[in-house]
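What follows is chain A paired twice: with chain B in the first complex and chain C in the second.
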Partner chain A sequence: MADQSAAGRTRRQIYEDRLRRRSLIIAGSSTTIVVLAVLFLVPMAPGWEKVQKSFFNWDVFAKTFPGLLEAFMLDVAIFAWCAPLIAILGLLVALARDVRSPALFPLRILGAAYTDIFRGVPVILTVYLIGFGIPGLGLPRPWNSPYIWGSLALILTYSAYVAEIFRSGIESVHQSQRSAAESLGLSESDTIRFVILPQAIRRVIPAQMNMLIALQKDVALLSFIGPVEIFRQAGVYKSLLANFTPYVGAAVIFLAVTIPATRYADYLLAKQNRERS
Partner chain B sequence: MTKLSLRDVVKRFGSNTVCDGISLDVAEGEMVCLIGASGAGKSTLLRCINLLEPIEDGEIFLDGEDISIPGLDPMPVRRRIGMVFQSYNLFPHMTAIENVMLAPRRVYKKSRQELRPEVEALFEKFGLADRMEHYPDQLSGGQQQRVAIVRALAMKPEVMLFDEITAALDPQLVGEVLEVLRLLKDSGMTMMLATHEMGFAREAADKVCFLKDGRIVEEGPPSVLFENPTDPQTREFLARVL
Partner chain C sequence: MKTTSFISIVFALSATSALAGGHCAAGKTLTEGKLTIATGNPAYYPWVMDDSPESGEGFEAAVAYAVAAEMGFAADDVVWVRSSFDEAIQPGAKNFDMNMQQYSITPERDEVVDFSAPYYSAPMAVLVVGEGKNAEATLEGLKGLLWGAVGTTTAVPMLTDLIQPDSDPLLYGDNADVTAAMQAGQIDAALFDLPTALFLSAVMIEGSSILGQFPADRSDNPDQFGMLMEDGNPLKACVDEALAALTDSGALAEIEAKWLQDTTGVPLID
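Take a look at the complex of A and B:
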């Protein structure tokens, strides 16, 4: 047993350790090369000085950051009232698309048409059409507020996607669960409410997390119809200071929220995949 | 007294005839075993009796009452006929006791407190007293299947249908589930089983039906069907499985 060296490791362990060390060295050196290349090559670009001044200006960053953060609270608020409404509307649309009663057939068609239309139109277009169109009817205050109609545009668009995700979750619950519930004499609505939906919703939580992250970013689109949220505020600073750094500041704020959320969604997904295998 | 009666039951899936004119009587308190190769129509027949599948032709009577009338509300019938499946089909997001109490709570509008004593007694009776608060994935296959049986019994059915309920179990777990069936038979339950457990059918059934291609080829008490089958197809099948 000469191979079983001092530490008492098996041949296999020694071999795997060597492999691991080698891949660590390769990964480390290739990362170093790329980082160095970026650090050296980018500043060599002819316009770097200018870009650095107008996009990565520390003084501007420090000066505008608190204001941006304050404006971001408006994004958070819009997000906070849109998200629950999207969840509710999305679930209702998903259920409407699955109703079997012939009396409710129009609901099915409506559900299908709704998801087709709102998934087929770019968000920004929906925001424009609803955000400018409906207040254009000359509604009295506060019903002409871009907050209301801009939020509605987001809610309608996102509910269409969220509904499709819920529906995929409902369809992923095996038919045998329905059989079991029906064989016990449970009604159709009780079967959906107590047996199908709890399982379906659990399964699509990671996917819905991703929708939330996308929504958080798309709130910025409302800036095009009026609300001075972070993107608009950054634009104001840009004009004021003739410098693009506020946009970078806004990006930093978005990333501070979306990166942890994305990591968390990935974690949930990975956990779910582990449980299912 | 005849509890369940099938008259020329026909079930098709598209052009595939799965039950091809099946007639059968099940007396009160009787245990009838359906045997035959996979695809012979055993499971489908049970699903038809529980009205999970509509039948194309024929009639099914429960206590002399036609339950196969097209358009009849299936819910009240299903409450009277319990069914247990090969793959247990427990609800994975509920504990064992919640699985059992869901249908009585919703259908009979009883509260958890009202149900608790009788449900606990059922768990006790089937050796599951310490498994009530477990989730299905924390239970062995045999325990899950016993919970599924308790779940069906909690609706106080008059007839129980068992669709190859030991087929998915590890061999050493089959015994505990068959034991439950014996217990049920002793309590006077009317039962129909689709099964591959020939030893059990031979020993416990009152009547055994051999199905092939959606028809009952031969039926009779196990002593006759297993010892002296008259039909050559029955003999051929038994020679392969025994």
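Take a look at the complex of A and C:
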């Protein structure tokens, strides 16, 4: 009993700690070896200098980075006004696909057709079609702005995906909950509002985080119809300087946003799994 | 009629072959004493007027006769043939001494065919639609327009450095997208090189017009047109010499002003 009182740990715990330390050391050294190998072996490749000059050119990076960061603000803005609208439209479509009343069956068909079409069509086609097509019908300025219609294209496409995720959340709430709500005298809309949605939405938040991350990158597709956001700005720099480093700079900016967001989504998912088990 | 003109050509041939005898081009052309020049089928305004290069009307037709004269050929000794664009840039023997149909000189093409010195540097031109048509053709007048351009071309630095528009320009991936944005009324004006702008305004974008063109030396690395010749054609030295003489004398610039500024009605923006 002496060893137990000394550290307050059992022999089993001490053994497990030792195992954990050992695996940490092994993992650390193998990672170091791989990183060092990459750092030393890649520069030994015959074409490295050329690749470094055109992809990892520090001077170009420093020169173009402020401009890229400024252009990225446009991405952020587009993202900021699209995301809430996507959430609202996505939820509405999901609810439309969930209506139980026979009279509202056309709504279900409409919802299904909507998700089928906008998930099936490439985003870039939607962006072109809506971004150039609708203004081409003869809308006056400023209503023909590529910002408005390009954003609408993103909203329509992403709402289709988001709606399907919401729907999976709604369907994951057990039928017995609806029955229970009904027996308590809640109306159908109150059942959805107070019983189903609070559970459904919470369950799909990690999956929706992934949609946000995807949207954040797809905002760059708006550059095809004119707005000079980070991707287009990087392309302009690339042509001017005949160097691909600006794209690397853009990637760095994207990663600075997406990696924390991805980690956060992972954390939410892990937390949810812990709570459920 | 046909026979008489043929006979007159034969006479002209015999008369001028003596004239060309001491000249650079002697013995280097497809047919001795004649200069065979190819153009497109059909050839377009403003490069060749009314698809008849024999008239010497139109920029390329005029340049062709000026070069021929400089090389010692009389106008009657210039023979026109037609060729398709793609057929002429393929390697192999040619049925012409030189071919003029707005061939841009590129290193890739230069591997399989020869180009003369450039006879034209395509300047940047301003294509406008809608509101843009009311703008003045001055740098000041251009600032207020909503601009578009292809993001990967040198039109972008020209826009941001020279014109400095009041609102940020919209940039696109290629000419087709700029065209679509113009048709959708999302931009008033766009920068293209003049030949592209002429084509777009005539064929592609209804209701568009060309407001003006910048001097060619304003664009960095402009598209340059050269006369296309068979690879290794000895005539190249003579053609280059003639073009250099025409450039120095200002004759080439005069032809350009006549056919690509006055005739097209595209004024110079300075």
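Brief remarks on what is shown
Here, the second predicted complex is superposed on the first by the 262 of 277 C-alpha atoms of A that agree within 3 Å, B and C clash if a C-alpha of one lies under 4 Å from a C-alpha of the other, contacts with A are read in each partner's own complex, and residues count from 1 in each chain.
Following the convention adopted for this analysis, a residue touches a chain if its C-beta (ideal position, glycine included) is under 8 Å from a C-beta of that chain, and two chains touch if they have at least 3 such contacts.
Keep in mind that what you see is a predicted model, and the values were worked out from it rather than measured.
With both complexes brought onto chain A, simultaneous placement of chain B and chain C is permitted, the two fitting side by side without a clash.
In the overlay built on the shared chain, the residue A:P106 is in contact with neither chain B nor chain C.
In the overlay built on the shared chain, the residue A:V236 is in contact with chain C alone; chain B does not reach it. Look at A:P122: by the touch rule set out above, it reaches neither chain B nor chain C.
Judged by the number of chain A residues each one touches, C leads among chain B and chain C. In the superposed model, A:S183 lies in contact with chain B only, and not with chain C. Judged by the touch definition given at the top, the superposed model places A:R202 against chain B, while chain C stays out of reach. By the touch criterion defined above, A:G28 reaches neither chain B nor chain C. On the chain A superposition, the C-alpha centres give an angle at chain A of 150° between chain B and chain C, rounded to a multiple of 10.
For the pair chain B and chain C, the minimum alpha-carbon spacing after aligning on chain A is 49 Å. Of the residues of chain A, not a single one touches chain B in one of the two structures and chain C in the other. The residues of chain A lying in touch with chain C in their complex are 128, 132-133, 135-136, 138-141, 144-146, 223-228, 232, 235-236, 238-240. Residue ranges of chain C in contact with chain A, taken from their complex: 148, 151-154, 156-157, 168-173, 177, 180-181, 183-187.
The touching residues of chain A, counted against chain B in their complex, run 176-177, 179-187, 190, 194-195, 198-199, 202.
By the touch criterion given at the top, residues 47, 50, 52, 74-76, 78-79, 81-83, 85, 87, 89-93, 102-103, 106-107, 148, 151-152, 155 of chain B touch chain A in their complex.
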